[in-house]
Amino acid sequence: MTVRVQTEDFDVGQEMLGLRQKNPKVGAVASFVGVVRDLNDGDDVSSLTLEHYPGMTERSLEDIVSQAKGRWDIYDALIIHRVGTLLPLDQIVLVLVTGAHRGESFKACEFLMDYLKTRAPFWKKEQTSSGDRWVEARESDKSAAMRWENTRDD
Amino acid sequence: MRIKVLFFAKLREVFETNQVDISFTGSDNKVSDVLMVLREKGGVWKDELNENKSFRIALNQEMVTKDAMLNEGDEIALFPPVTGG
Amino acid sequence: MTVRVQTEDFDVGQEMLGLRQKNPKVGAVASFVGVVRDLNDGDDVSSLTLEHYPGMTERSLEDIVSQAKGRWDIYDALIIHRVGTLLPLDQIVLVLVTGAHRGESFKACEFLMDYLKTRAPFWKKEQTSSGDRWVEARESDKSAAMRWENTRDD
Amino acid sequence: MRIKVLFFAKLREVFETNQVDISFTGSDNKVSDVLMVLREKGGVWKDELNENKSFRIALNQEMVTKDAMLNEGDEIALFPPVTGG
């Protein structure tokens, strides 16, 4: 399965092995793991709660995976995103991309993260020493996603 | 025409509900008509769904603009810009 | 330790945890794993032997890690490269980069792989159905490394 | 001046050795002088270390060009373009 939204943690090594072992032509595995930080905008973060839109989340993630497969010469991709309450050092998201060579796999992996950040319906609420607060969308995430609309695919 | 409207994250909290159902007697309705009905509830509804607020709109789980046309049984969702990953 | 050259396999999940757990400010982990493919230039590859230049290998890898740390806002990096005889599906190389945000971590990870490919003294020999052969350096690796000399660091 | 010369990968195989030691009576020698001495052995040495071959040179474990100056006890390594990763 290409996309999973779950409360449980994930094992990066196992997921990587699962994805690449199916295909002995895989030469490159690019990956990204997002982690809960204990500090954000100057405040201590004691925990993070992730809300999502069940149904639309999976659809939007599957959609960005097929866009990545259409744009780059990759074999496979996997996105796992956690929801619910997480603590500092907890893993939030995993994006894995397998391909024959590294260049295309790196690009597809970064594209998936950038698009996920701006298009998948997840929302973060931080529990900090100065109270609870919804995390604001960052302008830098918007521009990171935008650059894929302005670049050629090579 | 019956339309289901879902709210997420900060909007869900401010509106103190995760769902509102809206009915129109006619057809040819757009997302903007739903927004107008909600704004007429006043207070936080008027504030948060104001034109200058940067909420997002999904129609049947795909992002749309407020000009999107509606059909019987559609599911609209209103929410703040997403912050996953 | 920032750099390891070893015959043994490595556990990506364990290495990742080890690198990021030291620092609760880590929000992003970019990684790359290179894998032995069962096919190269049209021939079946039954095994791959990696030779290296002990001493210089470690020095050159440490050097590219400090270059990466100087160029991008990252917290830490780890390179593990295997030597000796490997089989298809075996892991060859791991590059891990931790940082606060994903953009810098992705860039540093890709830079490390590109520089490693052109500067670290490793040589691959393939055992194929048409005999043994030394793998030739690829022009695309040279140009991948070159682009870091021509780009600004943002 | 005594210089140690190491060979790796294809060069090690073709030369059928991983090391040669070279002595110079004078000083002011360069890597190119070592290459000249090796080429004078003829056969595969002359072929593989020809000017138009794309071998690489390391001096004391750092990449250099053939103009690099040598000192007593230096370690040179000659090898093909690298193919790790």
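All chains are identified by letter, namely A, B, C and D, in their written order; residue positions are counted from 1 within each chain.
We take it that a contact is a pair of C-beta atoms (placed from the backbone, for glycine too) under 8 Å apart; a residue touches a chain by one contact, two chains touch by 3 or more.
Just so it is clear, the structure is predicted and the values come from calculations on it, not from any experiment.
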| item | value |
| --- | --- |
| Where chain B and chain C are represented by their mean Cα positions, the distance between them in whole Å | 48 |
| Distance between the centres, which are taken as Cα means, of chain B and chain A, whole angstrom | 27 |
| Centre distance in Å when chain A and chain C are each reduced to the mean of their C-alpha atoms | 22 |
| For chain A, residues contacting two or more additional chains | 34, 113 |
| Chain contact graph, described as a line, ring, star, complete graph or other shape | line |
| Pairwise chain contacts under the document criterion | A-B, A-C, C-D |
| For the chain A and chain C complex, residues of the former touching the latter | 11-14, 16, 20-21, 24-39, 88-89, 100, 102-103, 105-106, 109-110, 113, 140, 144 |
| Partner chain B, residues of chain A touching it in the complex | 34, 50-53, 55-56, 59-60, 81, 92-93, 113, 116-125, 134-138, 141 |
| Interfacial residue positions of chain B with respect to chain A in the complex | 6, 8-10, 12, 58, 61-63, 77, 79-85 |
